[in-house]
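In structure tokens below, several structures.
After this come two complexes, each holding chain A, first together with chain B and then together with chain C.
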Partner chain A sequence: MADDQILRLEKLRVETITGRVLVDDVDVTLKRGEILGLIGESGAGKSTIGLASMAYARAGMRITGGTITLAGTELRASTALYRRNSRGKSIAYIAQSAAASFNPGMTLMDQVCEAPVTHGVMGRAEAEVYARKLFRTLQLPSPDTIGARYPHQVSGGQLQRVMAAMAMSCRPDVIVLDEPTTALDVTTQIEVLALLRDLIAEFGTAGLYITHDLAVVAQIAHRIMVLRHGKLVECGETRQILEAPRTEYCRALVNERREAEHLVLSVPDKVAQPVLRVTGVTAGYGAGATAKGAIAVVKGASFDLARGETLAIVGESGSGKSTMARIVTGLLPRWSGTIELDGKALPPALAQRPKEVLRRLQMVHQMPDTALNPRQSLAEIIGRPVALFFGKSRAEVRVRVLELLKLVGLPEDFADRRPGQLSGGQKQRVCIARALAAEPEVIICDEPTSALDPLVAEEVLKLLKGLQDRLGLAYVFITHDLGTVRRIAHRTAVMLKGEIIAQGPTAEIFAPPFHPYTEKLISSVPEMHTTWLDEVLARRGGTAGLVAGAADRPADPATAAHLAAADPAAVAEAERLAAEQLLAEGRGATALDDLQVEVRNLKGMLEI
Partner chain B sequence: MIRLILSRIGLGLLTLLAVSVVIFVLTQILPGDVASSVLGQSATPETLAAYRHELGLDRPAVVRYFVWLAGVLHGDFGTALTNGQNIIEVLWPRLRNTLFLAGYAALLALPLAVGFGILSAIREGRLTDRLANIVALLAISMPEFFVGYLLILNLSVNHEWFPSLATVGADTPFGERVWAVTLPAVTLTFLVTAHMLRMTRNSVLSTMSTAYVEMAFLKGLSRARVVTRHALPNAAAPIISVIALNLAYLVVGVVVVENVFTYPGVGQYMIDAVTKRDVPVIEACGIVFAAVFITLNTLADVTAIVLNPRLRHPR
Partner chain C sequence: MTLFGHKLPVTALLGLFIIVLNIAVAVAGPYLAPYGETQVVGGGWDPASAATWFGTDQIGRDMFTRLIYGARMTIGIAFVTTILSFAIGISTGLLAAVTGRWVDTLLSRAVDVVLSIPLLIWALMILNVLGQSLFSLVLTIGCLDSTRVFRLARALGIGLVSLDFVEVARMRGEGLGWVMRREILPNAAAPLMSEFGLRFCFNFLFIAALSFLGLGVPLPYADWGGMVKDNVGGISFGLPAALYPAAAIALLTVGINLVVDWFLSIDARPSGAQAEM
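Let's turn to the complex of A and B:
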């Protein structure tokens, strides 16, 4: 074995205890300091391989074949104690969801120091000093005191960085990164990605970077391995995979991702009477606008939706876009404002709305897995609205169900299956069929493709588009994925902290002159060339510039002031953006309080 | 957090008040009449009426309720109808006896249940785990009087290690008292251990499937450390509430065991009172049981609040 090979998996085979093969005959080699990207759809076995490189298998899985050689020692032939001691010490793990991967009852410092102290790498005091150094390297706010906090007291992006510090706490040889930025907003993703890359480079650590997003891995990996159904599809230099993929599957993956970067739809014809009109709607959680402790999540939102049109509502998590869906459907009664369907005002709450209104306004949820009753057959699921709204006989319902299945591209014999026997994409088709069963005019789609793999998601988008053309449906399409917006939306509304800050034809929203926030959002979406991250960082004045905005956490004003002083350019920029926004919305220069709030919001937006 | 705790305590007091109403109403519709049962079949209607007037039974129920409640709040449960004894004077030593027995049983059952529960979780699916579960299930499957008589037969009749009757007086020395109530305490332990053991095990195991526990394993920690440091603290809340329920059951549910061992506790006193239709005594025992039950459960709620890191360390 060559000296610079730090990790080698040979003929790795992982099965479930029931004998289903998850990873089949996969070889992975990793040199010191090299980053290898593992790419694939869900179920491709990427995470399983990542965990197997630590000689770890999740409950219900077993490593049944092959060798795992870490720093010259074969782990499967070693003792359990040896394997345990190499975990955390020689090979460390960064998980996808930082919020779930931290023990809620322990301070961050306790959790970061646990591995070095347990493995005898450092004493507690030394480990703490080292942890603070890592916190500083990762540009966490108030690095000297943040360790005393509990996981729920820091933001998701910060927690993800603390997890990186935790992985680095023993200076491991190899680090396994399992979708470390997938759970983050696009604007946060950039900073975490840049910091992870710098951190890995600084320590000369080798990395196994697992993700489903080709554009993300293009920024960080030297080589890319593409997996499908537990088997290797293609492995090569990053540039080669992106520019000259050899296999059909890789080409499809690359093309799908590239298509997201181009606008497909043109501006629709103007229709006089909108089918759905939302005017000045405010709502949130709590007893009502005047109640104590009530928090408004959506503030004064207005938009129109014409027949046969798709309006995309985009924004980061917490911007209130999903709440918007709940307000329109009546699941969350609005506090003020009006919602009109075909010119008729709708009551705020679902329970007050007549059946006819419920029929005309349908919804497709984000998680098809949880939106379908696993104990009902598809015929029951889809047949229910048919029977409810149209009062048809059993035989007629059956006929209609088969029609609907055909409409969404599912075979008729699926009618008697249950959701458990379907794939994710098929389940989402069932959800769409259920919405169509009511013969609605408007369908609210709440992130209908974000739980699906890219290629499957594309199929579902095509289906929605086709149905719109044939049936003249209007969609309110809620998403955080700008690639999806480009492909499906005629018009787009951008939400920030509960307000719609920009809306218009998608082509205009996506073209200069941008609203500053929209520009930031757009420029944060990773693009399919290896130098994208560097270019964005260069444009924004490096990671330091980005993070200076984050310093404005009210939790620690002293450090905030210090950091802001260290980077006046970023603060000035934030203020300029705020002023621009104010002028754009014509609120006038007298609204000083508003200006300050905007500055805070914008700086918060820059926050990681 | 303080507000949450105070509101929980307030809620407990409110529940207790509601229970007092229910107890009072229920004892009013208890069949039979104290006057006729005390004075016997031969009493004339006039003497019955006079006796009822003397006891205050001819006043409206609402008035009687508030008179009774005021008394209870002052620590005065009134006098027993049948023998005219001051209830609190009889009840208090008996309550102490019951609490002593329950405390003894808890001291045996708690470490046993939680300890073996954690051990079961650490060694999930192995022999220790299965054995602990089977033994605990066997113990809970046998009725308590059966366990009690079995223990008496083996340990006091055949071997004479422990007394078969747990009769203790006010002046019984501590050591002798412990010796006397060992068999009833063991019987109670049989009864409550299984529930707590299984809850501890399952609660710990359900946190074992969380991402942060997987993370702890991937940091190279031993299973014992993962269980005690990462899983157990986060599994504590449901365990504590089950413990509270069982401790309360130890106090409230000892009636049968007290009878088997003729132990002078509150349960025996209450059964006695029910057979004699001595309403004030029944009410007093009921309210004492309710108070113990509600106190323990409120305590569990408060502990769970205090243990929650999100409430302890707000943003």
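Let's turn to the complex of A and C:
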């Protein structure tokens, strides 16, 4: 075809209504069937470009210059009706947060069929048949009936897949994927990523894949475009960007994960009295252990934390990590077990704890946006603990606030700003300063970097590490990012379904022999080379039965089933049984190879 | 023209002008009025003349004078009532949101009981028991209206209580008062402000309705609703007397709503088709 460029943006310019430039003279071209990765930190204009390719601007923004050509038609010059017709029909959008993008009051089928019926592409009956086909392609459980469910009745990963089905429902030429896997945890991310890639390849759709994670985009994109502050930094073939980046910024991005030094820390003397000791703690939601309908989220967890030490708690979402933090801080009273701070037992509930305990135990939250009151100045936010715990005068508080701002690396004149005027990383620094204001001994960090861009997260980690060295703080560091763990934690505890299944010095946890679940977590972290996804899928083919909780959700087809030719269910079931047996025997990771061979043989038999 | 750093559209300017005019009339009433509030200056329902601009009412009092005094009474009562209802509604609403559990259940069910019977019926019942006085009128409407404010404050509060900064304040050992006043109230202020404008209108109309039914502002004070009721008989004779206070009510209601609309639109930004090009 002469014009195989399906989408072309030229000299695109997007501004806010107040005149701030968000996207500055960016050119994007997309060929049929090609996937272009758009990457950059938040505020780089990735999503804005994604939406602009549909000639759409978010509230408060305007497309002020450039041309947007979709399949040979310039969208900006065409009528509003034409644009409306092309959206969803020839260009579709998959948003980051599937949960927020569905109408909670409509069934999934109604929502998936809406676009084709409205656009007159298909009749309702035909659209439903097609939707079921898509559900099947996307390996949703019970594809024939899942459409009758409501969004809250399926999991986040499944919802993201339904959203992909929705986007594909009109067989669009271009699909814009705006961080489709960011809200998912690593193990689910792999499944969704593989399915999206297959889906796009199968339908010959062109894709614009937006993400901040270079390793993710490396698995799926043909070309990568790196953006910063609304400007193009570098654009090239995926392999070239990863292996021979031309600009300084790209090198920093690529090296962020690759060269992250794995901290080899001397584990502090365990003979010393631990500052925080958690013994056999069980807790959950419901009135109490004996109450009807009570569900224990954390079961019999124990760990010690020494002064100046970092203990990382890792696990996928739903494993009880954050609940653990809520139990220790007393937000969620424990049902049984003991928690000791410096040898003294802590009451279960927050209200019963003396002020001194509250001071010594501080917390840094995951989302700095919601952890800071938008109506208070930084001086008020940081100054309040100083005034409350130490009863200082107004002038003394002010001095201390300026000190703390300096300590976390923020300029002193920020004191009178409000959180809305800060970036994500700066907000997280304020949260840290607020925790430090109480002069605590233990800080519980609940995923403090997972809402931040990689380079910013790196800075925050360095800050936390530096503060620990200077002030002798002890951290309980909750995270699902294993890269982070290796950089900051002295010791690591791995959680699975509310139980701590492995615990020890970080170096030992991350060295063979692994606990099988740890191995799965480790292998789920995307790596910076283009073949990682294929490799891990091939490996997973043999170990899919080890998907956490596979036994709990038998309706959820294992990834391996996708590879099987004949009877997917039988293969998955066989794998699951084999894996269960393996776990029961506790043979560990070394036995996984044997299992792989077994499964491969099984599959071979099925194919014949 | 700008106000609080926001550009004022023509409609809001008009609304603001109406409100300021009404308040000025209310404040300066006795100086503006040509006659005394209860002074009889002519016969019943005299037509408009140079001496009585809007004619006289059913017993010969000057309509223009009564309108000016009526502004004072009507706006004053509506304002005091709305403040009272917001004070009660916000404090109980936020208390229910922050405390949760049985306090919330107790307060919410009590409010449901009040809401299950139309406000006007409640007001008629209570005022019949308490007797007709300004104090009982303000207290009754304030308390009844606070149930509406309670629903809003509680809903806003529940949305905010689950945010991390409230959790942080609790972990710091802050008291209930601090959490309600310093952490939650400032973040709920914008919607509450616009609700204040709307509720002021409703209270204003409610008093007019009560006066019309004969249970509002006691005689012989002038108030717009009462004036409509007193003069409504004239309409069957083609006399316009009842229309003047009715028009005053309509004008102020429209004025307040114009300003409230502007309040609500400040945070709303252009989106969709408006923002495209």
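Note that the second predicted complex is superposed on the first by the 526 of 608 C-alpha atoms of A that agree within 3 Å, B and C clash if a C-alpha of one lies under 4 Å from a C-alpha of the other, contacts with A are read in each partner's own complex, and residues count from 1 in each chain.
Just so it is clear, a residue touches a chain if its C-beta (ideal position, glycine included) is under 8 Å from a C-beta of that chain, and two chains touch if they have at least 3 such contacts.
Since the model is a prediction, treat every value here as computed from it, not as a measurement.
Undergrad: Clash or fit: chain B and chain C on chain A?
TA: clash
Undergrad: Figure out whether A:L184 sits in contact with chain B (first) or chain C (second), or with both, or with neither.
TA: neither
Undergrad: Where does A:L331 make contact in the superposed view: on chain B (first), on chain C (second), on both, or on neither?
TA: A:L331 contacts chain C only, not chain B.
Undergrad: One more residue to check, A:H119. First (chain B), second (chain C), both or neither?
TA: First partner only, chain B.
Undergrad: Have a look at where A:Y56 lands relative to chain B and chain C in the superposition and call it first, second, both or neither.
TA: both
Undergrad: For A:N373, select first, second, both or neither according to whether it touches chain B, chain C, the two together, or no partner.
TA: Only chain C is touched by A:N373; chain B is not.
Undergrad: After the superposition on A, what does A:R76 contact: first (chain B), second (chain C), both or neither?
TA: After superposing on A, A:R76 lies in contact with chain C but is clear of chain B.
Undergrad: A:L38 contacts which: chain B (first), chain C (second), both, neither?
TA: In the superposition, A:L38 contacts neither chain B nor chain C.
Undergrad: Going by the contact rule set out at the top, does A:C445 touch chain B (first), chain C (second), both, or neither?
TA: A:C445 contacts neither chain B nor chain C.
Undergrad: Let me test your reading of the model: by the given contact rule, A:A100 touches which partner, first (chain B), second (chain C), both or neither?
TA: first
Undergrad: Residues on chain A in contact with chain B in one complex and with chain C in the other?
TA: Looking at chain A, the two contact sets intersect at 56, 58-59.
Undergrad: What residues of chain A sit close enough to touch chain B in their complex?
TA: 51, 54, 56, 58-59, 84-89, 92-93, 95, 97, 100-106, 114-115, 118-119, 149-150, 152-153, 166
Undergrad: Could you list, by residue number, the parts of chain C that touch chain A in their complex?
TA: 163-165, 167-168, 170-174, 182-183, 186-187, 189, 269-273, 275-277
Undergrad: So in the complex, the part of chain A that touches chain C is made up of which residues?
TA: The contact residues of chain A facing chain C are 17, 55-63, 76, 80, 83, 329-331, 350, 353, 355, 358, 362-363, 365, 367, 370-376, 384-385, 388-389, 434, 438.
Undergrad: In their shared complex, at which residues does chain B touch chain A?
TA: My answer: residues 209-212, 214-222, 225, 229-230, 233-234, 307, 309-310, 313, 315.
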